[in-house]
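Below is the structure I would like to discuss, written out as structure tokens.
In this document, chain identifiers A, B, C and D correspond to the written order of the chains, with residue numbering beginning at 1 in each.
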Amino acid sequence: MAGSKYAYVKNFEIPDPLLPNTYMVLRVDGHGFHRFSESHSFTKPNDQRALELMDAAALAVMQEYRDIVLAFGESDEYSFLFRRSTQLYNRRQSKILSTIVSYFTSCYVMNWSKYFPSTPLEYPPSFDGRIVLYPTEKEVRDYFSWRQADTHINNLYNTLFWALVQEGEMTTADAHATLKGTVSGQKNEMLHSRFGINYNTLSARFRKGSVISRKTETPESVPPDESDGSKRKAKPKVTLEISHVDIIGDEFWNEISDIL
Amino acid sequence: MAGSKYAYVKNFEIPDPLLPNTYMVLRVDGHGFHRFSESHSFTKPNDQRALELMDAAALAVMQEYRDIVLAFGESDEYSFLFRRSTQLYNRRQSKILSTIVSYFTSCYVMNWSKYFPSTPLEYPPSFDGRIVLYPTEKEVRDYFSWRQADTHINNLYNTLFWALVQEGEMTTADAHATLKGTVSGQKNEMLHSRFGINYNTLSARFRKGSVISRKTETPESVPPDESDGSKRKAKPKVTLEISHVDIIGDEFWNEISDIL
Amino acid sequence: MAGSKYAYVKNFEIPDPLLPNTYMVLRVDGHGFHRFSESHSFTKPNDQRALELMDAAALAVMQEYRDIVLAFGESDEYSFLFRRSTQLYNRRQSKILSTIVSYFTSCYVMNWSKYFPSTPLEYPPSFDGRIVLYPTEKEVRDYFSWRQADTHINNLYNTLFWALVQEGEMTTADAHATLKGTVSGQKNEMLHSRFGINYNTLSARFRKGSVISRKTETPESVPPDESDGSKRKAKPKVTLEISHVDIIGDEFWNEISDIL
Amino acid sequence: MAGSKYAYVKNFEIPDPLLPNTYMVLRVDGHGFHRFSESHSFTKPNDQRALELMDAAALAVMQEYRDIVLAFGESDEYSFLFRRSTQLYNRRQSKILSTIVSYFTSCYVMNWSKYFPSTPLEYPPSFDGRIVLYPTEKEVRDYFSWRQADTHINNLYNTLFWALVQEGEMTTADAHATLKGTVSGQKNEMLHSRFGINYNTLSARFRKGSVISRKTETPESVPPDESDGSKRKAKPKVTLEISHVDIIGDEFWNEISDIL
């Protein structure tokens, strides 16, 4: 074959299988989204449309890749948890990482005009990604707690920061200086006393981020097939649910314990 | 800090630096593009618009990432060669791989309507990617020869195959059977005798694929700066050139020897 | 500094940390021990001295490396299990692998003359090694079951094989041919009927391999320090026990459950 | 087969091939040799017997592993360079690393009594090891220059340090304080003026370390085979040479250019 004398270059491809029976978390992150959000005039501190677009892309990823059982998104990042036993692409790291990040990106760009109908894309947005392996459920749960705690910290800060700038007419430098060293209680208090904002009544999407879980519902009773009267095997119904609930406490994890 | 008790999960992120001073080739491949090309009615054996869209996305990648010095594309794949000494993202594999594949995907989707104005995207296209390291120039050159030889083999086959189907009114099964075991000479002969096609006169884009190289031109003389008469340092002008030339022979490599 | 212009070569050392919180099993294997056992006239099918020497080397490794909690040896191989949370050498793979294999080898050679007082070493024996990670206890247990099942299979085969050769005066080729395709029951039966050997009465060391576990005993009561009458903190006593017991069933694992 | 239900644990063994066509340098280092050298009363600043023992072990490694073309040793470390194209153990990292380190250790312990006839081993010495890949000859050469520059720096320091302690009757703390911040010229001067030592006349082994290279000599003329008068193919004669020469300058590398 014409190409065979060159085919030896394939031998330089090093296999990269991920350790079997560990939990994979793949996180995508907006690349240079500080600039991207300014170029496209994202509302501060949170842009509902931008967050919904992220959710839509993540939902599409989970519809396409059935071995993803849970996802969590905030700001310009999304984390996807795979079933421990997934054999997707034989657990090849580069293949999984590149394909999922590419598909997420594609969904983001394709759906842009639906969420930003009057804001054309100025330039192509991109995302980076990484895969982290966790051997036990405890680390998986702590990983998602880590991200949701991060959501809270960032959102409280940003909510107050932009209130100081937008309503308090501070410069951004002054706003940062004002917030420096404050703890959560002080930030809550300032929000309330200065701007009349009760933090806990803000949109759960902003405070808690977005959670997408794959729920399997086995129908309790299945009527016999009418055509021949035989018993049919109940086909479990799988649904993807998006919510903005607490995932740090036990309740969430007890409910979805079957997916881990 | 609220999240600090969970932050230990970051320790599970394993560093993944690529060996310094080796050539990186990053190849992106259309994911499931057999189906994608059918869903979007790509012309067979080659769709000029689809190839130009790939070229446009690759060109955008090279404009954004200056350490890519050469790229080669055919069908639904593109290979990018980085400068040996690149320090992009500290040579972290996942970061480089995911970001470039994401950016390529983003450019592909954003530019779709320009090349397919009357064909809406039916669903989000995606690409996978991998990075392969090569220690020497010889392997780099053989890698690109391998891809161009592959272009030739596939295109000759596909050109004849689709001639048999479209003009010869064969079934695809019969066309495959007819071609089985034939060598290049026989295929050329069949193309000519049955369909009056002289393979070598077909579009170079189809026969040779697309080559994008980064050319650095140092202006030979720079006039003195008029404001103060001092000599100015000539700023080398970098241009990206797209062509469909042979990259297996020596000529191409002699010309671009400075980029390796 | 004189060497500083060359020190950049250190940058080519790629970090190789093992995934945290996973079980490490490090297995050492005799390198070319078929030849080594013949050169040093090991008794067939089992050489008690050679096995005791392996045990001695493994015991020394466990005395030196406190994070190894369990070891299993058979023939010319030994497997070492580390505590899941071990931070030995910051979990650097090459460092752990090379140091332990080196220490094992050193102990083997140093102790040779104790177990083979009248057989000088003809040439330097060596061992290779590998580290395998297991995320859960189940796999760890199955790993050790796999090795002990292997011990049984090999020992039954070898016991009968060498009986056929040594007592039955068969050639080795004939002995292999005789055994080909036989199952365990048939081998047991042949051993008994032809050679009067009841397999189950053979030395447990040969049939079960060697198990070394680290036992932690917390003294129930500690008398007060006589010098000042103060209560002393009970220091747990750690002992290494070597045995030749079944490690496939539950009993063994229930007893040592605290070490996992 | 009895063990087959457990054999799945083998799937957790991750392949670890080293990038093809790169230079491998494997360095072994004495583990805890500060203590080891004190326990065994090594002469300071250099123990001729200990260095010769290291050389003997390294020589044995090179006799056994033909793909090692160059080695350099100083103090308690030795570096081995493999032929770029070596296929030893299919370039599996763990296999190569563990086997060579084990063999080196074995040779060290077996040969101990030859070099230390009246000093029994107090406890088993061990070595750690690592493999570093270098893509080009330049880095390989700089690697060895780095080690030899290190030899020089350490030896000059140690020679003066021990002269201050042994002949100057300083405490080790005072000796370190005296040397702090001095440059090479000052150390040479102190050695000469205080102790009458001309550094350059010290043993080359101490100043330059040990170099072992594999020399291939093709006999210039081969007499015809007498039995049939036919021309015989000259079989190249390979010899291992140990020396204590400069390997930083060009001369050494020009001479051995054929091995790279």
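The rule we apply is simple: contacts are C-beta pairs under 8 Å (C-beta built on N, C-alpha and C of every residue); 3 or more make two chains touch, one makes a residue touch a chain.
Note that the structure is a prediction, hence the values are computed from the model and not measured.
Engineer: Applying the touch definition from the top, give me the chains sitting in contact with each of chain A and chain B.
Structural biologist: Per touch definition, common to chain A and chain B: C, D.
Engineer: Count the C-beta contact pairs for A-D and for A-C, then tell me which is higher.
Structural biologist: A-C
Engineer: Could you find the chain whose CA centre sits the greatest distance from that of chain B?
Structural biologist: Centroid comparison gives C as the farthest chain from chain B.
Engineer: At the place where copies chain C and chain D touch, is the share of residue numbers found on both sides over half (same) or under half (different)?
Structural biologist: Same residues, largely: of all residue numbers at this interface, over half are found in both copies.
Engineer: For chain A and chain C, what's the span in angstrom between their mean Cα positions?
Structural biologist: Each chain reduced to its C-alpha mean, chain A and chain C end up 46 Å apart.
Engineer: Measuring centre to centre with CA averages, how many angstrom lie between chain C and chain D?
Structural biologist: Computed value for the inter-centroid distance: 31 Å.
Engineer: Could you state the distance in Å from the CA-based centre of chain A to that of chain D?
Structural biologist: Taking the mean C-alpha position of each chain, the two centres sit 52 Å apart.
Engineer: In chain B, what residues contact two or more other chains?
Structural biologist: 12, 14, 19, 21, 133, 139
Engineer: Flag every residue of chain B that touches chain C in the complex, lowest number first.
Structural biologist: Chain B reaches chain C through residues 11-12, 14-15, 17, 19-21.
Engineer: Using the touch definition from the top, list the residues of chain A that touch chain C in their complex.
Structural biologist: 19, 21-22, 133, 135-136, 139
Engineer: Considering only the defined contacts, which chain A positions touch chain B in the complex?
Structural biologist: Chain A reaches chain B through residues 1-3, 6-10, 12-14, 28, 31, 60, 93-95, 97-99, 101-110, 121, 124-134, 139, 142-143, 145-146, 149-150, 152-153, 184.
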